[in-house]
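Structures given as structure tokens follow.
What follows is a pair of complexes built around subunit A, which joins subunit B in one and subunit C in the other.
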Partner chain A sequence: MKVVRGCALVFLSLVGMAAIAPEWWTRARYDTQFRDRPDAPPSRAFPLGTDALGRDRWARLWYGTRISLTLAPAAALVSCAAAALAGGGAGWMGGFLDGALQTASDLFLSLPWFFLLLMVRAFLPLNAAPLASIALTFALLGALGWAAPARVVCAAVRRIKTSEFFFQAQAAGCRAARVLWRQLLPNVAPVLWAQFWVAVPAYILAEATLGMLGLGIAEPLPSWGGMLRELEGAPSFRQWWLFAPAVLLAAVVTSLQAILSRKEDSV
Partner chain B sequence: MVLIVLAAGFICALLVRYAPGALVDERELDPHLSEENLAALRAEKASDASVNANFIRYLRGAVHGDLGYSESNRAPIAALIADRAPETLRELAIGLGGAWLIGLAAAIPAGRWRNAHLYDGLSSAAAALLLSVPAAVAAYVCLLAGLTSGVVLMIVVAPKIFRFARNLIVPAYGAPHVFMARARGLSESRILFAHVLPPSAPQLLALAAASVSMAIGAAIPIEAICEVPGLGRLAWQAALARDLPVLVNVTMLVALATTVAMTLAGARPWGEERKPEATR
Partner chain C sequence: MKQFFYLLKLAHNGLAGRGHFAQVSQSFDAAPGGLCALLLFAGLAGGADLRFALHGEPKTLDPYLAADESADAVRYLTEGVLIRINRLTRQADPELAESWKIEKGGARIVLRLRTGVKFPNGAAFTSADVVESFHRLLDPALHAPVADSFKTDKGAVQIQAQGPAAVSVEFPAPVAGIERMFDEVAMIRAGATQQPEPGLGPFLIAERKPGVSILLKRNPMYWKRDSDGSPLPKVDDIRLDIEENRDLELLRFRRGEIQLIDKLSPELYEKLAADSPGAAVDAGPTTDVEFLWFNQSKRAPLGAPSREWFASTAFRQAVSEAINRADLCRVAYRGHASAASGPVSPSNKLWFNSAVKPPAFDPGLAIKRLESAGFHLSSGTLRDSRGQAVEFSLITNAGSKTRERMAAMIQADLARIGIKVNVVTLDFPSLIERITRTLDYEACLLGLVDIGEDPKEWMNVLLSSASNHPWNPAEKSPETAWEAEIDRLMLAQAASADTRERKKDFDRVQEILREQAPVIYLLHPNALAAVSPRAKGVKVSPFLPHTFWDAERLRIPGS
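And then the complex of A and B:
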């Protein structure tokens, strides 16, 4: 397994480095149109061909990778922060807050995650500007993903509160702030870290599915989901290059899962 | 359970009321409308401003089978749901039934032959790979291969069931009483049905309930891509057309389905008893 994880880490590093600044090494920007070459098949100049507007798919793939790989962790950070606040607060305070958290998370989790995402996305403007659509999509992912991690964090805080070292710290006269900082946070951090790594691939996949259904990031900004919409026009597997975003996405998510299994082992 | 469904509906109604453009009618843009007509339209919309009154009116109508009217489909919502539910139910039955068969059939050998590391590694890798493909992409690929939406759902849900079931069954096969049963010469089928599955039954039941939620979530992109006239496609079209009354109804229906499944399984959605799943 170590070899697999090592390969996954190397692959993710390479993809990450390639996606940091695609403008340095790709032939064109994501929105540059080659009007004389629309729908071109793969060639040396355009490794994945061009789309119906004559834009270089290879360049768009890497710009889209940058967006997904930057914003999925950002959204995961948002949901983990919300989970830490809600779950940690409920677990620490107990009583009414704990009950309120359970009820609220029951409510959130009574709906399938993707359905909830689709529903709330529909209530927000669909014709948002490209940058606003990025913020909207990933803010939504972050805001709606708090419930499951909050429950895990709440359970972890409750468990820590009944542990011997916690009682000992209290008996030694530690102030609440110090107990929180020195005893609770270091023990909850691995749980939050694991939740973060669970959320990242889930958000990447959710963005891709939303994009494919026309509810994701708006044109002309590229995203994996937006590029996968081109599959709609693929009559057969012969146009293999249209599947390139799906292959890269699957490889990235599989690599993240391989690394995630390591995180699980360590928690 | 009823409270959760009602709360889901009420929150939806709140979202509908405060969604951008909720109190604006597109007909107001019509230059042919007179001032009186515009005033009447605005008054009609203003009467919809109270969330509580609207929700109570909706519930009263729902009791009598009136779920409202879909502007985008130009049809009563109750009729739309009645038309589309059978297709989704059929798809869910095929998808979930097949996914459980495949998931369990793939998980049991991993526990039964504890030294079959190659099989365990390959099956886990295959599951991880399938889990890394968005449901919509899987739907496209299956569509090109001529498979039906039920089969696509099966392919999307089976790896999740396999993964959770494997994590339950492998430790169950390693329990001392299973070794003892094997030493006493019990048949493998008896070991499975009497000594492996019963201790895992509560978790498997919780997984069964969770799989309903997974399948409903996956049904939306699959129906949208495979053009299946089911509830998932209805929800997607309603989302694109911002047909919010349809979304409220479908939301309550989905919340009802998942909470019934969770209640029947005796599990709270993603509760502490299922924490190992949540951390995965």
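And then the complex of A and C:
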């Protein structure tokens, strides 16, 4: 397994490095339209061909990777921070707060988040810059995704509160702040870390779903979701280049899962 | 014209794949594989002669309430009308009325009914049925969409039986093209207690499985005979499968499970043409039109700069000249569209003003025009006289690939003259909410489909007082001189029965729209269809329904 995880790490590092600054090494910008060459097959100039508007699919793939791989972890960070505050607070205080958290998280988990996203997106200002709009989309994903990790964190805090080392610290006269800082946080951190890694691929896929419906990232910015829309017409495998974003998405998510499995093992 | 809202919905349906169903139809991933397999299996079962798909469940089977494409198709196949507009020749063909006479300068039409026609229950078709049909159609409580054409502000339409085989329909004032108004008015039996009751069309509804299919059987009492005297229709039954997913529809066509497809998207057409060139048919430009407009309503919550830009004719003309229509047709529609000079398509030969040409693509001229109007280019950004960078949002409906591509191309074209466009795709209800109620938008890219040919079809859109006047809805009085002139010309042509005078007036309307560019007309998509080699006698028309408009004459040899 170590080899698999190592490969996953190397792969993710390579993808990350390639996506940091695609403008330095791709031949065309993501929005340049070569209108005399729409739907061109792969060539030296366009390694993955061009899309329906004649845009370099290779360049768009890497620009899209930068967006998806930057914002999905950011959204995961938002949801984990919210989960830490809500779940940690409820687990620590117990009683009414604990019950309130359970009710609120049940409510959030039962919400049709997809329609909620559509609704919220319809209320966004129309003239928001594309980057602001995608940041907001991912922020919403993050804000809506706190409930499940909050329950896990809450359960972890409750478990720690009944553990022997916790009682021992209290019996030794440690103040609450010290117990929190020295006993609780170090033991909850792996749980949060695992939740973070679970959320990243989930948000990448959520953006891809929105993109498939044309409600993802606005033109002309590329994203994996937007590029996956090219697969809607069920192209034949002879057009293998159309599957590149799907393959990259699957490879990144699998790599993240491989790394995650180690984190979960450690928890 | 039918309700603008309905047309917008159709526009969305036609190009985005079933309106609010677009999210479903576009996401084949959302359709579980098992369900797809089940649908395909269901398609294989049964033995209908002719099969094709409806792209959504008909909302109603009541012929007077049909307001969606699927319900229209069922009505077309199952109901009889007095006069039918031939989809190929565009002539008014006698159907249940074997002849007619226009009187009082176009205010009255006397229809002589065909004798010997019987309803499926054996009852004879008489003038009493026609009178009853119109009474039901015009019943205010019914809110029949087709009834709008028969309503005037000068009084009610009078329908009177002139004996058992003749009926007169009289309007309070002359009506242009009066004989062309009966194409969608189904004739029902007087005394029918429930709707829909089997009608006078070539087929009868034999079975309906909601969400799955509608089976139509030959009407044994159908009156029409072929030129050789043989009975019509030629096929015994038609199965209409409800199939929202256009990719799946094409797959089923390739497997031979369905024989006709109406309104193919350019991508699917190209795919089919590559595999089976004989099956893909491009019938030429439709009357549909794709366009964009700027919000000029004073009630709109817009900032002062954008309000001033949009009110400037020079600005609108410059935007129009900076958009490369030829590229839109070639790239977004794969060559299956033609550049638009105005609202009327060249396929509408009678009313198209051939003197009005589409604006030539010329960014240089656009910049000069903008500079003469006080704008200036600064570091690649267009700024107005106050130094404000010109930027606006362009909304369109999510799920329509062609429209999203057009938006991206317009965005790139306008970037060349320094205008920043933010493309925003919205789900259809949100888009409608913005363009009809809140007016909270700057520019909108949309289209109209299945537009009737007569200029009166545009009254609901072009009159400044119309609530569906896109750029400035429901004006109390025309806010500009040219809008006042359009109002005058449109009312004049609607009140005249003289085709030459009407043409002159409507030509001038098209010229004004070209000069003032309140709406930037972009292109007219072609009618793309698929016809199986098994289906004989199919003549594809650029007008809806493209493939089955003479369904009674279609044949499937060996079925």
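Please note the rule applied: the second predicted complex is superposed on the first by the 245 of 267 C-alpha atoms of A that agree within 3 Å, B and C clash if a C-alpha of one lies under 4 Å from a C-alpha of the other, contacts with A are read in each partner's own complex, and residues count from 1 in each chain.
One rule holds in what follows: a contact is a pair of C-beta atoms (placed from the backbone, for glycine too) under 8 Å apart; a residue touches a chain by one contact, two chains touch by 3 or more.
All values derive from a computational prediction rather than experimental measurement.
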{"item": "Touching partner for A:151 - first (subunit B), second (subunit C), both, neither", "value": "first"}
{"item": "Subunit B versus subunit C as contact partner of A:139, first or second or both or neither", "value": "neither"}
{"item": "First (subunit B), second (subunit C), both or neither touched by A:122", "value": "both"}
{"item": "Partner chain(s) touched by A:74 [first = subunit B, second = subunit C, both, neither]", "value": "neither"}
{"item": "Which superposed partner A:35 touches (first subunit B, second subunit C, both, neither)", "value": "second"}
{"item": "Touch count on subunit A, higher of subunit B and subunit C", "value": "B"}
{"item": "Which of subunit B and subunit C A:100 touches, first, second, both or neither", "value": "neither"}
{"item": "Partner chain in contact with A:53 - subunit B first, subunit C second, else both or neither", "value": "second"}
{"item": "Intersection of subunit A interface sets (partners subunit B, subunit C)", "value": "118, 121-122, 126, 212-215, 232, 234"}
{"item": "Contact set on subunit A toward subunit B in their complex", "value": "102, 105-107, 109-115, 118-126, 147-149, 151-152, 155, 191, 194-195, 198, 201, 205, 208-209, 212-215, 225, 228, 231-232, 234, 236-237, 246, 249-254, 257-258, 264, 267"}
{"item": "Touch list for subunit B against partner subunit A, complex", "value": "4-5, 7-8, 11-12, 15-16, 19-21, 128-129, 131-137, 140, 144, 213-214, 216-218, 220-221, 224-225, 235-236, 238-240, 242, 244, 247, 251, 254-255, 258-259, 262, 268-272, 275, 278-280"}
{"item": "In the complex, subunit C residues that touch subunit A", "value": "23, 26-29, 247, 251, 267-268, 271, 327, 330-332, 391-393, 395, 398-401, 404-405, 407-409, 411-412, 422-427, 430, 433, 440-442"}
{"item": "Interfacial residue positions of subunit A with respect to subunit C in the complex", "value": "31, 33, 35, 38, 52-54, 118, 121-122, 126-130, 133, 212-215, 218-220, 229, 232-234"}
